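Naming follows writing order (A, B, C and D), and every chain is counted from residue 1.
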Amino acid sequence: MIRVALIGSTGYTALEVARLLLAHPQAELTVATSRSDEGKPLAEIHPFLTGRSNVALQPFDAAKIAEQADVAMCCLPHGASAQSVRELAAAGVRVIDFSADFRLSSVPLYEHWYGVTHPWPERIGNVVYGMPEFFADQIATADVVANPGCYPTSAIMPLAPLVREGLIETNDIIVDSKSGVSGAGRSAKLGTLYCETNESIAAYAIAAHRHGPEMEDLVHRIAGTPVEILFTPHLTPMDRGILSTIYVRPTLSVGDTTESVQSKLSDALRRAYEGQPFVHVVDHLPATKHVKMTNHVQMTVRVSGEPTTPGRAVIVCAIDNLSKGASSAAIQNMNVMFGLDETSGL
Amino acid sequence: MIRVALIGSTGYTALEVARLLLAHPQAELTVATSRSDEGKPLAEIHPFLTGRSNVALQPFDAAKIAEQADVAMCCLPHGASAQSVRELAAAGVRVIDFSADFRLSSVPLYEHWYGVTHPWPERIGNVVYGMPEFFADQIATADVVANPGCYPTSAIMPLAPLVREGLIETNDIIVDSKSGVSGAGRSAKLGTLYCETNESIAAYAIAAHRHGPEMEDLVHRIAGTPVEILFTPHLTPMDRGILSTIYVRPTLSVGDTTESVQSKLSDALRRAYEGQPFVHVVDHLPATKHVKMTNHVQMTVRVSGEPTTPGRAVIVCAIDNLSKGASSAAIQNMNVMFGLDETSGL
Amino acid sequence: MIRVALIGSTGYTALEVARLLLAHPQAELTVATSRSDEGKPLAEIHPFLTGRSNVALQPFDAAKIAEQADVAMCCLPHGASAQSVRELAAAGVRVIDFSADFRLSSVPLYEHWYGVTHPWPERIGNVVYGMPEFFADQIATADVVANPGCYPTSAIMPLAPLVREGLIETNDIIVDSKSGVSGAGRSAKLGTLYCETNESIAAYAIAAHRHGPEMEDLVHRIAGTPVEILFTPHLTPMDRGILSTIYVRPTLSVGDTTESVQSKLSDALRRAYEGQPFVHVVDHLPATKHVKMTNHVQMTVRVSGEPTTPGRAVIVCAIDNLSKGASSAAIQNMNVMFGLDETSGL
Amino acid sequence: MIRVALIGSTGYTALEVARLLLAHPQAELTVATSRSDEGKPLAEIHPFLTGRSNVALQPFDAAKIAEQADVAMCCLPHGASAQSVRELAAAGVRVIDFSADFRLSSVPLYEHWYGVTHPWPERIGNVVYGMPEFFADQIATADVVANPGCYPTSAIMPLAPLVREGLIETNDIIVDSKSGVSGAGRSAKLGTLYCETNESIAAYAIAAHRHGPEMEDLVHRIAGTPVEILFTPHLTPMDRGILSTIYVRPTLSVGDTTESVQSKLSDALRRAYEGQPFVHVVDHLPATKHVKMTNHVQMTVRVSGEPTTPGRAVIVCAIDNLSKGASSAAIQNMNVMFGLDETSGL
């Protein structure tokens, strides 16, 4: 059994990891840390686990964790996370980091968007992005994996193959995303109170959300071409799920029709994900409920315009933000890191 | 125009008062106080009011408010509220108090349940309960009105007439109430985060909620008979609304059937509320949506048992917790206090 | 009192009209028709109205309605509506038509998108669009008013002034709209069951929704310039509300910055709606909750890009689909038609 | 691998069975029947299954199913179900029946509450109730298992042990239950449209719901004593989950306190479920979210009254109506029937 440590245990992604491990045939939760509440059962923080987990909270101690666990899932805030990751890696624990600390390619980009000095800058550019659909080989041997952001997962997966094949313009991409409220975390804030967000939808951080540069950086890294993305996230009245509606301009050839363009884009996506167990290019319009509480991704392509004058393509991609957007993706990464079947426990 | 001051302006009941006053033909909001944010527009705290209100926040100063307003709606926490009410009353401002500070009949009962020393104990027993359906005459001339609690409104209104007429046993009453989340207020707490309460229902404070004694006290005061109530509130995944399902044991006469009992109870309620514009004894099973964002009350009676051996009666009562359970009831009280049509602006 | 007839009474927009009329000081509901349920109280169809309305359902009879009402609000499906409108107009009843039958400028456009032969084609191009912010004079004297579509309202209001002033490119406009479920109507369909739409968001009718051409047609009519709009609606898990996130390309001048562009667009909108009681150009990012159950519109502008290289502008516009998107807009139109204060009862 | 047939595939319980089987290590879905849509992929009915299931719909044919499957999960409406169960059993397929057709102990009771003539009356009283916590031995060898009702599960599990031990009065039990909307099924009905049930709670079928007699019958069967239950279900705005708040009168001994009574009842429940993997007697107040999408049950006891004069006990029990209330209970039954670990795949 792979022994898993949860670093930072009070949030929704941590609960989701614990929940998924309950059903995993080859891995188990052995450690859960918290800055406070030492000795308290994890199930007291998350009553969902009552009678199902007897792990108790302990303070963070990398050396001790190295004895108790084979891999750590680090669910700490950015900035704080990098320091713990560094200590865990030094102690020989393989780490899957849920924060943004090791996702971007350059220190200045990170420091610009996150407003902190990076505590371990020499590793930037040297940590694999935890998307096994593109980086499985590197993940398999990695000491540290940067678990992808939720919004970026929903945009990178449809965009990267299309950019790589030159099928869409790179300078005119709009990503309009709608996320469930769990993406905002489990700390008590006015803005995520039930009565503030229920029965309401709103945009936030227009053209100013940190996940925009993450999308651009990763599409660039995967496809080999820089891209410009205008990203607008929306807070949607539901617990979980992200739907990204992506507006792109296809690169047209003579004689292209809406139908031929739709086929070209869909086929490129199908090819890119052939054999991938979790990614589905579908004919129907995916709803977030179609992937709820799963590691699966559903995406589809539509093309606007008159039949013989194709306009923009609209790509819709649905994931569960806490699953493929966070915790089940981490389990998938763990499976790859330890040579298990990629779908084990998922 | 009646000039209204809002004391404590950041919560949901305060917003609801402001919203209702926008539509009131004979009253207007002239003052809004807050412990902080002096000078800030009220609409900045409540973006719902943008472009519709130009009241700015000011610190609490009873003398100044006396010049600016005819009546104050006090939306402060219990304990804190009584002190402000006292100062406002001394300055000659009539007050409708949303807190529980003046609702109960005795100081010990208050101090037992609220755990604070009452700041103005001599007024206890001497402030009218703001339910015009029973106390309109006293409200009309009151300097201070204790605006009813939300859960109590949904239980007192169906129970008081039945107890008064001796139609139900007084020692075996169960009130199982389901409330929307706005009842928990607008402060940032883990328990009322969207992802904690959405898609979930839970009981809380079983047989230990402060609104239980308020129900008993008021039914006693109105009906003239002491009663025992077992009260269980539930947090329900919706913004607004209270549904109380009330289990009572009818006092039976020889020959009573389920049908005759149902008629007796329904008729008693219909008589009690004849001519009342906001209370409706209905045939259908009321849903909270049937009274949403209104000052209306819908209630109905069902009787269990075989036709000739009637069992318990089940009474269902629906109100909107922020409306008849708080802010629209306050407007109704204001209307009565100032000799306006009771339904004005409602 | 203006006497109002409701034609087609079982849906959500009809209930909303009835609800609004309860609070209207100068208008009252006198007639409600339905194809079935003759004689049944309207309150039996809508238990919200219990004890508040004693209108009973009657069959449609234009001559009779002409004696009972001054204005008819026609809440029938497209195609069916035009025929009733024609009969009512012939009988001398002024009509506000909620269907799409008289919104578009040309018969072929209508017949292409709605797939039916228009029953009164000679009136096409000759019925005013019920948006008093642009057409108040014509509405004041109209016999028939085409009440605007919900999505179109949320897009036309921010776009028309910007196109009219030449501030944005006309051939590259994307409208990504999110609507509450009430927009889909009150007939029993699998797709709008609670468990299908709750906790889920999905796009539908991408680049194929009938409200796309309505937006183009009206912006053209108001601004005098043809535009191309790519419109994507989304079904959002909430009862009410539309949020439209609109991506446009500003027409730039030398020296323009993100800030100058944002000012130019915002100022143009503020100018366009100066003195309009229901339209607010705001600084905050509007949520649908900020306009819930009101006739108000909140919109704001953001500009993407580096400070000196402005990119696209993103405009966010929030309305309530059943209010300004349907029933309260109809009341506003009625107020204008009968010379009442435009805000009366709103 | 156990081969499973799904009889009646379009509803929520059927989807839930299919979902659970995807994660089951020793069972797989091999057949799905439907009265219509022959040949259509099951994933077309349930887009959640896209790319994850390649079962296609086939018409019901007991002989053919006997070749394709070891066990059938029958998700048909009552009345219709019994006939299919009979044919499947005759063909040698073991059956887990989700309908109420074989749950009750007597034919007259069934025919009174379900209003149909029972198609296989000789089996009534001769089919095990699928609650392995009480009937595991019989389930292990059963040809037909009556899968429990959702509400009954939430009431029988806390009540049966207390009645069996004589700890509560049997003639004064009130079960006030709150269920998510999925309990109402997946057919298109006005009452379960999103906009009818969202943001609203309502009681229905007060003292007249078919699950009341099922509770009484099973508690009687398990505890050996007849009981009277007053049952009120409520439709709650959430997809899934049942919370039952149960009011009982403890049988008191001299010297009993609220604390001693609470201990007695809690201890009795703990003893009853010792070693049961899915039933948890907890200290916190369970919310339905604590058991969401699991086969787990959480229950707790509170006692009202003054410390030395204990009043009623209030028991709160939370389950997921589609899981332990239907589909995961069926998987648990299947595990027991086929000698697998009871928790396999759960």
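Methods note: contacts are C-beta pairs under 8 Å (C-beta built on N, C-alpha and C of every residue); 3 or more make two chains touch, one makes a residue touch a chain.
These figures come from a predicted structure and were not determined experimentally.
Count the touching C-beta pairs: is C-D or A-D ahead?
Between C-D and A-D, the larger count of C-beta pairs in contact belongs to C-D.
Of all the other chains, whose mean CA position lies farthest from chain D?
Farthest by centroid: C.
Taking each chain's centre as the mean position of its Cα atoms, how many Å separate chain A from chain C?
That pair's centroid distance is 38 Å.
How many Å are there between the centre of chain A and the centre of chain D, using C-alpha atoms for each centre?
Going by mean C-alpha positions, chain A sits 36 Å from chain D.
Just curious, how far off is chain D from chain C if you go by their C-alpha centres, in Å?
Computed from C-alpha means, the inter-chain centre distance equals 46 Å.
Would you give the residues of chain A that are in contact with at least 2 other chains, written as numbers and ranges?
196, 198-199, 237-239, 286-287, 289-290, 292
How about chain A: which of its residues touch chain D in the complex?
23, 25, 47-48, 50-52, 199, 280, 282, 284, 286-287, 289-293, 296, 298
Give every residue of chain B touching chain D within the complex, in rising order.
Residues 174, 176, 178, 180, 196, 198-204, 206-207, 230, 232, 234, 236-241, 243, 245, 247, 285-290, 292, 302-305, 311-312, 314, 316, 318 of chain B touch chain D in their complex.
Which part of chain A faces chain B closely enough to touch in the complex?
Interface residues on the chain A side: 12, 181-182, 186-190, 192-199, 237-239.
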